[in-house]
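Two complexes, one shared chain (chain A), two partners (chain B, chain C).
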Partner chain A sequence: MRIQRIRVHNFKLLRDIDIQLSIDPAKPLTVIRAENASGKTSLHYAIIWGLYGMDALKNIASPRDIRFSSKAAPAGSPVLIEVVLDFQITDEAGTADYRLTRHVQETPQATGPVDRGREVVKLSKLTAAGDKELDQPESWLDQWLPKRLVDIFFTNGDDVQKFITGKQEARLRQEKVHLAIESLLGIRQLRTAVVDIEAVQRTLDRKAARDAGGKLERVTSELEKLELALKEIDDEYERLTVRLGNIEKNQSRKTRELESIRGIGELDAINQEIQGLEQDLASLEGYRRKNLATMTGLLRSEALSWTLACGPLTMALARLDKLTDLRKIPKTSTQILEDRLELGVCICGETLDPGSTHRDEVAKLLAEQQGRDPIADRLTDLRYRAKALRSVNQQDFTEAHAEALGDFAKLADSIRSKTTALQAAKERRALIDEERVRELTEELAELDRKKGDVNFKLGTLDTRRVTVQYDCDQKREEKRNAERNANISRDLAVRRDVGLDLLSLARAVQEQLEGPYVQRVSNRLDRMFKDIIGADNGDTTGVITSTSITSSFDIVVSSQHDNKLDPDFEVNGASQRALTLAFVWSLMEVAGTVAPRFIDTPLGMVSGTTKERMVEAITRPPAPDETPYQVVLLLTRSELAGVEHILDERAGAFNTLSSSQHYPLDLVYKWAEDEPHSRSCGCSHREQCKICARRQDNDLGLRFREESVV
Partner chain B sequence: MSGMNPYASVEMTMPADLHPKISQFFGPGKPVGRMIDAWWLGLCIGVKHGQQRKRSDEVRKFADGTIFASDDWRIVHLELLAVAKKGEAILAQPRDVIRLASGYADYGLEWVAEHCLGANEPILALLNAIEVPAA
Partner chain C sequence: MATTPRIREVARVEVKHLPLRYEGYHEDLIDALDEITRQQDHMTSSRQRQELITKLVEKVGSMAASLGGGSDQ
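Up next, the complex of A and B:
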């Protein structure tokens, strides 16, 4: 299906909207420019309602609360709401044009919900000979554009990642991916077909057995039971495998959380580190106190005194020396002179005999010395004591001073560094939620136990399956022998053989779809995603190395060393959006489904070269051997910035939606009607007119179109 | 004469305005040392700077001269200083020796108080502020 034209009447503020879409395979893109609150979401809902009716909107609000007519419509006046979609269908019979019209009448009430009439839907085939109305329009539409895949065909910016990321449980997310793959590739229908054929086959077998008589009937019945048992084992095996997968994912998530907490450091290790640092600090504090004590000692030391008072002290000593030279001190010579006189020998060796001249001179000197004033005693004493102290000198203090200050600086550095480390360790410890660690540890242990249980059950099932399979094979052989000896009608035998052939064919196709086709989607997804995010296919250094769809239809993002990334936490917003778009595009391409892809605000979180690559990838015209498609992007002016050149080349149709409520703040021209409403015009991203012109448009260099009339 | 303290009976004083400041850092239980250590450091600083402060009328006793007995080298330095500044005769008047020294110490105590106030580690601040000749 490719939609050519959308007309909307009285749907919310979309009073009279007429939008042409491109169906040109060479220019598959239609750009609808619309700022916030201009009617993008209303248009989105109007199309979904037009295609599928109220039922498709029930996940948005309850039908009772939904009001299609404008809030400005007066109570009591009926309003006809209508959506008309013109589209093309190409099938084996060729290309045909169709028109889908859906309308309903609403009468707003003064209070409470609107009074809504019955929806009327009409589907017509447009031919040269006139319109031909088709019966059961819903079933035709469900065939062309299945309602269950509405999320794939019509996505909005906020929901665009819903296939890939959280805000919903992993199980729900996977179901969306499974449903999309199974529906678009036809796997679901084929699976149903296989089950149906198997049931028919069993009926034919039973009939043949009844015809053939007692033994074959019994063997067939036994074989049926064994096959049923085998199927039950397989179903149980599959159920347990899914459960095991879920347990492992849960384990992985919790382990990641635990590791992120432990990434801060093991609590015990941090406590040990803190203890060590505190001991180091206590020890350093001891050294610091000793160092300060040394400084205190220095401050009160004799060395300091000598150093600071060096000048006068030296001067005084020199003065004392001079007094000594003048023999005014020391007075201690009196004792020597007395001793010499008593010995009778002078210090020069000459005798001091009584009456000798020499003795008289010594006695005279002694008398002089003994007659000096008491100050001399003090000076003598001072000189001797001062001389004794001279061992301490200035050099000693200078060295001790430098050493003490140097030691203090080193200690201060060490204390600062240890204190910082201690503080950091304490902060790390504060970040660890001990309670959460305990919870996670317990939960992981429980998951491990459950995983063990499931693995044990899987092992038991494996063993049982081998036994049942063996019994089945035996029973089949027994049945074949019984059949050879039995008398089965030719007609029944042929029908049964045809049934068997059909079953083999259906199973083979199913395997083909589940295997190589899903693989093709996976490969295409990987290529397109890498194109968008700008990763080299041979890159071995990027964060994301590959994306793939597993055999259980999960989308997996891989990083270096085949580590799996969690799309919720380890893939950025732009990449999440790119992954979703790449999935939708790849799936529809491999499925060969021709359907419109409406995306509202797709570039909201994307910028720069990624934005360019994303637009480039999702608007690239299909190659001749590829499925044609149609893409409609609803973009704001800021989303358009930087990708205009791609849109110039790729877009086959342009429209702009504007809202009267933006006048005068943003819109330049006032529209004729006062009632709030949204209007469309044919302006491209390079143009403005009297309907859509906004105050920044001249600055953006947009050309003015005169055609539009306000 | 060794062991004899001629200053034992002399009162050791400092200006009353400086006493509370100095006693924040020096004295029993204080980190830097005893009051006599502050006084002695002040003396050394005053001598080093060649500055004396005019003795204030309001002084406060912080010790008596017996304190010198614990560091008798200080008596030697006191007397050398006195001899250098006033001649040998001053030694006969211990009070004059202490008065002379107190003039220098009073100047130096003001310097000590300035460097201690507001310092995280007063000892470090003092030691850093002392100008030491190169080794």
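Up next, the complex of A and C:
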């Protein structure tokens, strides 16, 4: 299916929208330019509703809460909501045009939900002879564009990402991937066909056996039972294998989480580290206290006084030295006279006997000396005491002080670095959720036990299968012999042969599609994904080395040494989008599915050359031997920036959606109607007109189109 | 075009491994398989689907009986 034209009436703010889409294989792209809140999402939902009805919007909101009519529509006035889609279907009979119309009447209420009438859907084949209405439009649409794959055909940038990654549970996401592969390649339909043909074949076998009667009927019935038992074993084996796979995935996820927690460091090791750091800090604090005591001592010391008074004291000592040189000090005569009086002998040799005149004279002289010069005494005293000061080296304090300060700085550094390390260790310890570690450890042990149980059951089934298969083979041989001797009608025998041929064909096709065709999707996915993210195909040293689809249809992203990456955590947002788009594109190309690929805001989180490569990859026209396709991108002006040149070349149709509510802040021109609504115009990403012109458009160098009418 | 054109494409290759019970037998088998897979969208019950298969097998079988001249037995 390729959609040619979309008309929307009264759906949200889309009052009267008419959009033409490109169906030209050489220009597969349609660009719908629209800023935020211009009606992109409404258009997206309008198309989904038009194709599938309210049922397809159930996952967005409850039908009771959904209101299609504009909030500006007055209560009590009925509003007819309508979506008309014109599209082309090409099959072996050729190409035909169709029109799908869906409408519903809604009456807004003053309070509460709207009153909505019954949806009316009409599908017509448009022919030269007139329109021919088709019965069961839903089943035709489901054949052309299955509702179960709506996520593949119509999506938005965020959902594109969620298809393979995001908040959904991994199992659900893989189920979506499985569903897409199985549905688009036809594997799902073939599985059902094989089961149905087998059932018909069993009926034919029973009928043949009944006709032949006797031994053949008995052998056929026994064989049927054995085949049923074999099928049950195979089903159980498959169920257990899936379970084993789930257990292993679960184990891997939990182990990854545990390793991630343990990657922070083992709790015991961190506690030891914290203890050691706290001891080091206590010891350093002791040294710092000693260091401070040393500095206090230095500040109290005579050395400091000497250092501070060094200048004046030196001058004073020099003067005392000068007085000494002049023999004014020290005042030695007093002492000598006292000594002489005590000895009783004068320095002249005469005795100084008590009562003698000589002694009296000496005593008188002493008294004169002692009374006459107290200043000299004081100077003498100063000189003797200053001798002690001379022995204090000025450098002692300076050196001791510098040394103490140096020690202090070193200690401060050590304390700071140890405190930082302690803080970091405590933070790491805080990150470890001990409870979670315990839970994970227990869960992993439980999973290990379950894995053992499943493996045991698989082993038992293996043994049983060998026995039942042997019995089956024996019974088939017995049946063949019985058939040779039986009298089965020719018609019935031929029908059985035809049924068997049909079954063989269905099985062979299923096998081909499950094997080589899925492998083709896988190879194409790998190439396209690497093209978009700019990874070299031969490079084995990059973060992402390859992507593939496994035999169980899971998408796997591999890194160096064949390590598997978790797309949720180990692949960036742009690459996650690239992965999903590459998957959808590869699958639809290999499946040969002609269907729209409609993406709302696909380039958020993508910029620079990755954006260019992504647009280049998803708009590349198909080669003549490839399936033609149609891609519709709803882009904001910022998403368009940098990829305009690719759109010039690849886009076959352009439209712009604008909202009246953006005037006057963003829109340049006021529209005639006052009621809020969105409008479309035919402006491309290089143009502006009186409907869509925004204030930044002149700066963007957009050309003005006069032909647009407001 | 159905969303699963590859079924027919692969069937054209695989059918060559089957006996040609009459001229046009392979094309009839491919058509039958195509019909079975396409009609699944319109038939929700297995009974309906098996009835369709029975009818198709009978149709091709009667052609084989009249044009092919017998079964493998």
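One rule holds for everything that comes next: the second predicted complex is superposed on the first by the 546 of 710 C-alpha atoms of A that agree within 3 Å, B and C clash if a C-alpha of one lies under 4 Å from a C-alpha of the other, contacts with A are read in each partner's own complex, and residues count from 1 in each chain.
The working rule: a residue touches a chain if its C-beta (ideal position, glycine included) is under 8 Å from a C-beta of that chain, and two chains touch if they have at least 3 such contacts.
Source: prediction; values computed, not measured.
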Looking only at contacts as defined up top, I'd like to know whether chain B or chain C touches more of chain A.
C
Taking the superposition as given, does A:A482 touch the first partner, chain B, the second, chain C, both, or neither?
neither
What is the contact status of A:L292 with respect to chain B (first) and chain C (second): first, second, both, or neither?
first
Output check: A:S183 vs chain B and chain C. Expected answer is one of first, second, both, neither. What do you get?
second
Between chain B and chain C, whom does A:L145 touch in the aligned arrangement: first, second, both, or neither?
second
Does chain B (first) or chain C (second) touch A:I6, or do both, or does neither?
neither
Could you tell me if A:L366 is touching chain B, chain C, both of them or neither one (first, second, both, neither)?
neither
One more residue to check, A:A508. First (chain B), second (chain C), both or neither?
second
In their complex, what parts of chain C are in touch with chain A?
1-7, 9-11, 13-15, 17-19, 21, 29-30, 32-33, 36-38, 40-42, 46, 49-50, 53-54, 56-58, 60-62, 64-65, 68, 70-73
Provide the residue numbers of chain B that touch chain A in the complex, in ascending order.
1-2, 31-34, 37, 40-41, 43-45, 47-48, 71, 73-74, 76-77, 79-81, 83-85, 88-89, 91-92, 121, 123-124, 126-128, 130, 132-135
Which positions of chain A touch chain C when the two form their complex?
1, 89-92, 136, 139, 142-146, 149, 183-186, 189-190, 192-193, 195-197, 199-200, 203-204, 483-484, 488, 490-491, 493-499, 501-502, 504-506, 508-509, 512-513, 517, 590-595
Chain B contact footprint on chain A (complex, rising order)
292, 295-296, 298-300, 302, 304-309, 311-313, 315-317, 319-320, 323, 374-375, 377-379, 381-382, 385-386, 389, 394-395, 397-399, 401-402, 404-405, 408
